[in-house]
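Letters A, B, C, D and E mark the chains as written, and numbering starts fresh at 1 in each.
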């Protein structure tokens, strides 16, 4: 594995290797519960907690985890953290817990978390693992927030429950329904692709001699 | 005496009479009577809604589509057809959004004309139906004057329309499903019922369809198998329990079945390429229409029936590939 | 592939002689880990469960108070063996038995609160409603759970005009199109465009009353004044 | 016997405008000899002929100037008396350049052939007849120019029970076979008789499209009493004249994919080729001239001409009064499968059935549009391919997948391109793909 | 009986696992490129879902009432070992089937549809038969979504998809459209 600096560990997961938008991991929660910003934040934080917790634990225990059963061990650790998160949320914020429903226990099978244990926490120091987990977790929260914001603003006309367009705004119900989740993510990816291509094109065109650029434009 | 220039192309050097733009524009032309009837029943609202939906489609195609794509007329068809599936009182901004979505997400992301999977007009309508369920099921009744708008067409973009309860009614299918009230088939045929713009003129739609079929601009097998399936299925159910299930004529002439079977299901791009496939496709649509109308939660199932079968078209095409000449022979090669 | 052992500096595979020791260690680690995890879970469970239970009970209590129009108190009755009973025989798990709640105002029974559900437009709709057996009148209705279409089907819980109609309605209920009713007390105006959702609510009440039928005809001996 | 006596129709295919009225009633006449004759050595399917004359040699009409190079090859004869001026590359109708013998035709020559012995075919063995046919350079005159003697020598393990005479001429415009049947029906029957004798077959069926009632009448009226020949009118549809389609229509036998008509016990021969066989044994002259339809709205006097093989296009057009102002595209063969010509110096070959001069209004539009999956190409394909799918595969050069989808069964009849409302050049794409695959397999 | 039918239809089309609950999206993205692999994956899924439903019912009835906090852990452990056992059994009994289906089984372990089924089944308090109907419906629904997606993707392979839409963006838009189309089944068999 290529050596990385701590800053890279932290920042990588946030944007460049964003788990949802780039790596297509953790899609199920990213689509299922992002119909409001509040739900997105709750789901993001719960996942963040599980991710950081299990990364630290796996990194701490890496010497004691036999190689053959490492995946099962990781899953057990993650499942424990998820159960803790599930019960805590239910006790503290029952309304949001009800809204997220079965998708909190499903954090267990979020490939993103297992992936970070296998790819990073099992090999690095506790501090590095925490940084990596935090970065990935923040990236996950950012992606969820983007989806949640788009869907809530268009679907309800509100942001975090605060009305944006006045009482006579016609909500686009489809955005809070499942098709809205798929379409919003599809649209976001379309936009990201467009931005990336636009940038690449500008970069390439800048280096080309005058004549070639004209031909390209034609 | 020697020709100044000679064309050298690959064979064949003759072409059939129809070109893609010809087909598309003749479909547009055949829609004129349908639009006229809609205008007769729903007044200027009909024209406004159709124009808004078309504008949404056409502008999206112009901005994001390939150059010159407008000339083939397909965006215009999508816009007009979308308009015809909408209620007359729909705010224009919603109709516009439907056109944008239909062309943008239903067609352009797939690479434009000929590459899309779902019928763009219906996809636009399905989006609107899910996005604005109330506005999309508010069916205006006759207005005191022909020139009155049939609803809050001019609602400010993004804002809710103001609905006057007295001006709305129900579609025959809605009456049948939710209130067990039947509608005379004669009224259905004459079009004097509530519904979307294109639903009220079954006979005119049928006539235009016959014209297109005669010109081979639509594959008659698709509407034929849809009609046959709906008639046979609903007819036999009606025989079993006449109180619960409406008769075949009612099922055929109510709702968007005519418009859907003739103009939407036969969209060449999103229907099977094989004739056998077209029979299967039509059967599937007819079946889904009956199932959704009779056992589903919605009064009308034509749109969803067609969209679901659209998704199956690649599969149908695969399964109904013709056997190549000389590969099915059982003859012993001597 | 770099594995966990590479990180701990012992790259070479273990010699066969140590295989037994290794699998013992393996088991030991798993058992130890499992024990620790179990302990933590039990601890958190014990810590959170009271709050969770209290919240659930409070939600239920509020719902009952709402549909029975603020009784002084209520009893939980079990539907067992074709009748309503306050006490279940030994050995019957109380979690598996349907319950109704009987509310009192000044020691007089005022009505049953009954929870029931049925598939609606999108998924199961669960409601609770109050029913006065003496006058055959619905006291109130509240939706406990529904996934109906936002803005349309969810009016069954959010549209107060719809919800309040049930107060004082007399079963068997009939759903009518808004404005088409005759004003009788067994009529419920359905929500325009959400006929299925509104009809489901009406059906849940009718079916629940039919199912519990004779048990609810009088307050009978279960009512302790 | 024929499968049915009534209308038998092929599935698939298209109905292009027939456009035969220009020449179908025009009597065949002989064209005057041009000043120069150009004889490419590659005029037939198989290996090109080997030249046996030198520059400066004088040849008489009917003299052999090139020898067959192997079994699947055919000799070439001088079609006019004159002097060989050059043996060099010359524009070929297929668009390339090919080795050709140029003969300066002697002016004021009587153009009489050398006196030669005409063998009586009745006294010859089948092998001798076939040899005579090969020596005369006879090839199929329907367009493909497949050496006739090869067709007449099926392997022993493939017994032939029927000869099918192809008088369909389903290509629009062309009337060569039509006029041959009307004017020389006896010659057709004589050729048929020789062929039957040669292969030892007793049954023959003549398939003629219904749009040629005079040909049907002429051929029916002259059927010799001692031959089992059925004349079967078939419906008018393109490509009814394709071998496999015709066999299916007339006999109800389907030639398996990748096989030949002889695999189902049939030999198909074009009526004009059969008439040529008769001519060889009537006059002793080899194949040095043929009937060509010169037609189309772009030519001033459409005609059916007897033309010396090797006549240049320019001379032929001049013989018909020249082309009109709006002549736009000149095609050798029919407009469905023929090749457009860029050069007026190309010579006519043995297999050139006609020259069609199209005006711009006749031609297919050049604007192409995206495929709209209308499925018209599937309806049109006579061998039931899926041209729509093949076309999409061709655009992304997935030739192996095309092969898996039976590309090799495509006979490039052009029906799909004709039917396509989006003007996608399907048949051209398939031709390219087939070539690419052949090259790949050869490599 | 009507209850069971509703559960089956609801899990299959009305509340389709993939298109409405976003469960099993990983295989939906991963193995939906070809129709035949999609079919095999679907078959493997149905099989494992039925077994999972069985196990979840068993755990819920006999074990978890005594240790509710172990619910999630026991589910995930049981599913993982179940898949492992199934893999071994298939390998032994039918090597041919293993070659066709085997490679998908490990993928299924981390498939949220399986755990989702167990959790939904528990939350809704389904009994044995209801659980079976739910599992079969969910499995058929997953297979339907997978196969539809696969046949559409095979088709778009030959289309000139614009650069910006290539890849996952298009898949999500297709999935969204399918999800829109499946809205047509809303209310199926429920209120009559």
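Everything that follows uses one rule, which is that a residue touches a chain if its C-beta (ideal position, glycine included) is under 8 Å from a C-beta of that chain, and two chains touch if they have at least 3 such contacts.
Just so you know, these numbers come straight off a predicted model, no measurement behind them.
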item: Farthest chain (mean CA position) relative to subunit D; value: C
item: Comparison of A-B and B-D (more C-beta pairs in contact); value: B-D
item: Most central chain, judged by mean C-alpha position against the global CA mean; value: B
item: Distance between chain centroids, defined by C-alpha means - subunit B, subunit C (Å); value: 44
item: Whole-Å gap separating subunit C and subunit E, where each centre is the average of the chain's CA atoms; value: 27
item: Separation of subunit A from subunit C, taking each centre as the mean of its C-alpha atoms, in whole Å; value: 33
item: Centre-of-Cα separation between subunit D and subunit C, whole angstrom; value: 84
item: Junction residues of subunit B, two or more chains touched; value: 105, 109, 112, 115, 127, 130, 133, 297, 317
item: Per-residue multi-chain contacts in subunit D, two or more chains; value: 389
item: Residue list for subunit A, restricted to those that touch at least two other chains; value: 72, 76, 80, 83, 87, 173-174, 177, 179-180, 183, 186, 190
item: Chain-to-chain touches, reported pairwise for every pair that qualifies; value: A-B, A-C, A-E, B-C, B-D, B-E, C-E, D-E
item: List of subunit B residues in touch with subunit D within their complex; value: 1-3, 6-16, 18-23, 72, 74, 112-115, 219, 268-275, 278, 317, 321-329, 331, 333-334
item: Interfacial residue positions of subunit E with respect to subunit B in the complex; value: 35, 147-148, 151-152, 154-156, 159-162, 165, 169-170, 173-174, 176-178, 180-192
item: Touching residues (chain side subunit B, partner subunit A) in the complex; value: 91, 94, 105, 109, 127, 130-133, 135, 155, 158-161
item: For the subunit B and subunit C complex, residues of the former touching the latter; value: 133-134, 137-138, 165, 168, 170, 174, 177-179, 297
item: Residues of subunit E that touch subunit D when the two form their complex; value: 158-159
